[in-house]
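Common to both upcoming complexes is subunit A, partnered first by subunit B, then by subunit C.
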Partner chain A sequence: MYETVYHRATSTDDAVAKMAEAEDAKFVSGGMTLIPTMKQRLAAPSDLIDLRHIDAMKGIAIDGKKVTIGAATTHAEVASSSELADLCPAICNLAGHIGDPHVRHMGTIGGSIANNDPAADYPAAMIGLGAEIMTTKRTLPAEDFFVGMFETALEDDEIITAVSFTAPDKAAYSKFPNPASRYAMAGVFVAMNGGDARVAVTGAGSDGVFRHTGMEDALSSNWSADAVSDAEVDEGDMLSDLHGDARYRANLVKVMAKRAVAAAG
Partner chain B sequence: MSEGIGARVLRKEDKRFITGSGKYTDDVRETNQCYAAFVRSPHAHAKIKGINKSPAEGMPGVEAVLDGKQLTGDGIGNIICGWMIHSKDGSPMKMGAWSALATETARYVGDAVAVVIADSLARARAAAEAVEVDYEILDAVITTEQALADGAPQLHPEAPGNLIYDWEIGDKEPTEKAIADAAYVCEMEITNNRVAPNPMEPRSAVATYSPSEDHYTLYTTSQNPHVARLVLSAFYQVAPEHKLRVIAPDVGGGFGAKIYIYPEEIVCLWASMKTRCSVKWTADRSEAFLTDAHGRDHVSKARMGFDKDNRIVGFQVDTIANLGAYMSLFSSSVPTYLYATLLSGQYDIANIHCNVRTAYTNTTPVDAYRGAGRPEACYLIERMMETAARDLGIDPAELRRKNFIREFPHQTPVIMAYDSGDFEANLEAAMKAADYAGFEKRRSESASQGKLRGIGMSCYIEACGIAPSAAVGSLGAGVGLWESAEVRVNPVGTIEILTGSHSHGQGHETTFPQLVSDRFGLPSDNVQIVHGDTDKVQFGMGTYGSRSGAVGMSAIVKALDKVEAKAKKIAAHMLEASEGDIVIEDGEVKVAGTDKKLGWHEVCLGAYTAHNLPEGMEPGLKEGAFYDPSNFTFPAGCYICEVEVDPETGTTRIVQFVASDDFGTIINPMIVEGQVHGGIAQGVGQALLEQAVYDESGQLLTGSYMDYAMPRADDLPSYMVSHETTICPGNPLGIKGCGEAGAIGSPPAVINAITNAIGNNALSMPATSAKVWQAINAANVKEAAE
Partner chain C sequence: MASVSIKVNGKDVSGEVEDRTLLVEFIRENLRLTGTHVGCDTSQCGACVVHMDGKAIKSCSILAAQANGSEITTIEGLANGSELHPMQTAFKENHGLQCGFCTPGMIMAATDMVRRYKESGRELDETAIREELEGNICRCTGYHNIVKSIQDAASKM
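After this line comes the complex of A and B, so read on.
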């Protein structure tokens, strides 16, 4: 790791001010991707501005069916929230299967979606749930937020403060983990809200998380695993690497979608 | 409670390991501690046109920036391979020059070309990045097929066509004739995948030169510190042996990768002399993937002929092994004498012939990895036996039974003379434990859940207890493979055992004292094991090839024999009894049939006070011994794996794994079971998950745990482990060895089970979910076409 200067921000304003002062700073939340990248000397920010201690960015708020999760909330906190589990167990289950216990106690929802790893789990949930991403500058629908592999709409001095969504009637997430990293090789989040089905896929697509409208149309009229089986998954849109080619990933998308629908009930 | 042979004594070393208080090489901190950072080639094959060190030399904290020309200029010798193999035309193997820092050419990604010594690791690394190396990129060869092709880029001028040797064993003509006359011939092409060793502790070295004493000390992660000292001194001319102390303290796993002497240790020693600093280097995980010697990487074409009674009449194998960019210390022996000599397996085969070619490629050097050659042999034989049984339409167990060797000693056509075993007993025990007869019922139950269930077995044999020195010498080994021990009894009766074996996970601190408890009835806590330090231990060949029990403990037994004999003489004199009447038990030295006795400590004290010793006897009670084995030992067993495959995703779940092993005498069953569990985990890792993958330019794609899949707890089943014992006649304790068996026997059992489940035999390791899914679909397509 190259030398860097660590700052603990006390508020989002403080964090933005510190960013402006520093030469080449990065915001860090759980650091579960950034710190290993720095250890491998593939990133060398002059300063790290830690967002995990900003109280306003932490915690889960529930108001009727509306859920707001502070960006600095850890995966472990999301996984173990019984109030949230009553309303939307799918997101708790998803959070409970990110990485390992160490990662879940350090990593945060804001950090995960800001990084937009094409194999991360949360982006699928955000799009599947039709969530809104709230930042220091604006509020964006998840679909506008995730731009492409490791790319988001965030500007350099913009911080995610929270995400919010309306709990769906039913939802589930099913993932097939990469045997080495245990990131998703294909992770499918399905949700049904008032006759409107959503299917969001992570891990498999060659340009990051995406919605599968073919499956959504099929599920909107017939919520069943069989409905998904007949959908086409375009191999041309799939990643291909040493862990699985595009054809295999296309198959996994379909199988994970089926299993998610079955799990959602 | 007995702490003798056969007792489940809890591991004494675990307290410090699990509380984080072990002392590893990286924990060593000397005064004037500096750190080494290596400049490594980012190219698989490149000419080094120039090295500009000046940008690094002026950087803060930098003591020195050193390159290969300085190293060779100071007379540091090239790294050698210690086992001479002759090609079948009589010519010696073609060893390319390997300088610890490359001078003219870099031959794999990670090849060290320069080193920076600085007063902190961060400063050393920063300066290493500032070193400018002017490379001219050359074409690279990655696979042996590419390496041996006409017109392939050349790695070493010494090895035309990248061929290291073209070696054979067995009789070719009779084997070919037997196969030509066979009623059925099983023919297969089998790949044994390349794996990275991944010990939990990465390699590390701390080298300190003392100008006042003109003496070097090297702490290093070694499985064999005395061999390291010998090689560093005799071949690399780093320092004469008596001026070099090598210490291998707590070492966190080796699996073969820590047998060899690598460039980094040599460079640290040399740099400590150049800079007068203590120089520390610890590999990060990326360096471990790039530079720890990889394992396996064979491609073989094999034919096995059977007569009309399903008896094997001939076995012919043509193997090409990838040795990587340079010949590591024992690399030449792995695909030859550690591999082809085991091709008879557990079977009575009259005719065997094996041809082995090895090639240089622009990849990390390949050497012994847990099992070393024997897993490759076992995988080949046991995949073929299973395949032949399926082709012949007979039960795989029955085919094996029909061909088992049943009389011992048994001379195979490929050098080895098996001394003992009861292969049928292991097979029967495993089949019973696995409820082999009930498999079809379980298969139907799985089918009703939409899952494909399969069963596969593997009957392995290996040659351990490496090895009779004269025998291996005649086969080309550059060293003898005996072991030494010293038993030092203190005046108060406590005992230190100094052993040349090295423990890096094997539990020697627990098992070796059990020999003393067994013999003298002393508590094992009264015994201390001293190992891993060339200044303390007389000499030793180290730990690998499952040899610490069969060879290391045999040396201890020989030394204990001498201690016992002397103690009895002293006691007989003190008790005024006949030496033949003295017995030592329960910590007391007694005259048989009387109530006359002395405490063990009284005899020991008597040895050191020397007030009342027999006429002419030297004082003291300390004896040493060297033990050279008379033969290899032959652990064997039967493994049965049962899997359930999810046809939708190709995911394999091991639902049952049974191991029935014959390890000869077992000193500590708990530790032996642990060795089997770990070995199977490693074998399952190779079978299902692990593979070192290079792209066509020679970049290692699996250079981190993001892409290199190690087995985790949830990839592995609970094992059912049992033992059917025949005593090894070749050593005093009757031990065969257990360290590698799991890694040798398990891969074919796993693949046999999966191919059985999916109905497609065309499946290579690692059987990842993606590959299994493809194989299922290929089988379905074939079925539909038919």
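After this line comes the complex of A and C, so read on.
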């Protein structure tokens, strides 16, 4: 790892001020992607500004069907929240299958969506749930937040503070993990809310997470695994790499969507 | 340089380290607690698992500075004097290790696993143990006896 200077922020204002003073700083939350990336010398921020100790960014708040999750809330906390599981078990289940137990104790929802790894799980949930991403500057719909592979609408000095969504009538997430890395080869989040189905796909798209309106239309009129069969998944939009070609991934997307619909019930 | 003050196995320790120093480097090289191992060094294998504020984490994937102010338990802190922790005893009695390199991480992961399942009142059966070992690799592939050891200890913890 190249040299860096560590700072611990006490508040988001403090973090933003520290960012302004530094030459080429990065915010770090759990660090489960950033620290390994720095170890491989694929990232070399001059400064690291740690957001993990900002209390205002932690915790899960539930008000009726509205769920707000602080950006510094760990995957383990989301996975084990019984209150959240009563309202939206799909997101708990998703969080409980990110990485491994040790990674889930450190990694946070804010860190995951800020990184927008094309094979990460949370971006699919954010789009599938129609979540809003709250930052130190604004509130953005998830679809406007995720711009492309490892790219978001975040500015350099902007911090995600929380995400919020209305719990759907039903939802589920199904992923096919790469047997070695366990990252999603294809992960599909489906949600049904008041007759409107949403389908978000991670891991498979050549430009990161995306909504699949064809499957959404099919599921809105007929919520069943069969409805998914007739929808078209365009191979031209799929990733093609040594782990699986575009045709394979297009098929996986459908299979995962079917499994998710079946799991949502 | 970063000043790091942490409580390790019940004792307050501190040191001046480069900001880029990993927690596992601080534990092994500054504190000379070499029971915590570095296997893959890429967050995969879990040989470096320690507990930070009571939760299992991979000490190769966080900076010592990130852990400043926390309480750390390493494999050296599990036994009570000469009396082994029930998980250590179970690994010994069930032949839960072959070369032994992954064992400290396995045991730290296993005690965390048992704690979480007990706290949430869930049953830690064989399938659950195998799933929970997602983040720990045994290069000798000795999983069968590792799982047996954890099952054995879970009933005694």
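Just so we're on the same page, the second predicted complex is superposed on the first by the 265 of 265 C-alpha atoms of A that agree within 3 Å, B and C clash if a C-alpha of one lies under 4 Å from a C-alpha of the other, contacts with A are read in each partner's own complex, and residues count from 1 in each chain.
One rule holds for everything that comes next: contacts are C-beta pairs under 8 Å (C-beta built on N, C-alpha and C of every residue); 3 or more make two chains touch, one makes a residue touch a chain.
Just so it is clear, the model here is predicted, and its values are computed rather than measured.
Q: Determine, under the contact definition given at the top, whether A:Met32 touches first (subunit B), second (subunit C), both, or neither.
A: second
Q: Please indicate which partner A:Ser80 is in contact with in the superposed arrangement: first for subunit B, second for subunit C, both, or neither.
A: Only subunit C; A:Ser80 stays clear of subunit B.
Q: Is A:Glu3 in contact with subunit B, with subunit C, with both, or with neither (first, second, both, neither)?
A: both
Q: Output check: A:Val255 vs subunit B and subunit C. Expected answer is one of first, second, both, neither. What do you get?
A: Once the two structures are laid over each other on A, A:Val255 reaches subunit B alone.
Q: After superposing on the shared chain, does subunit C or subunit B touch more subunit A residues?
A: When the residues of subunit A touched by each partner are counted, C comes out ahead.
Q: Which positions of subunit A sit in both the subunit B and the subunit C interface?
A: 1-3, 40
Q: Which residues of subunit C touch subunit A in their complex?
A: Listed in rising order, the residues are 2, 18-20, 22, 41-43, 46, 49, 52, 55-58, 61-63, 65-66, 68, 109, 112-113, 116, 120, 132, 134-136.
Q: Across the complex, what residues on subunit A touch subunit B?
A: Counting only subunit A, the residues touching subunit B are 1-3, 40-41, 176, 178-181, 183, 242-245, 248, 251-252, 255.
Q: Mind pulling up the subunit A residues that touch subunit C in the complex?
A: Against subunit C, the touching part of subunit A is residues 1-6, 8, 28, 31-32, 35-36, 38-40, 48, 50, 52, 76, 80, 99-103, 105-106, 182.
Q: With touch defined as at the start, can you tell me which subunit B residues reach subunit A in the complex?
A: My answer: residues 122, 125-126, 129, 286, 648-650, 688-689, 693, 701-702, 705-710, 715, 768-770, 773-774.
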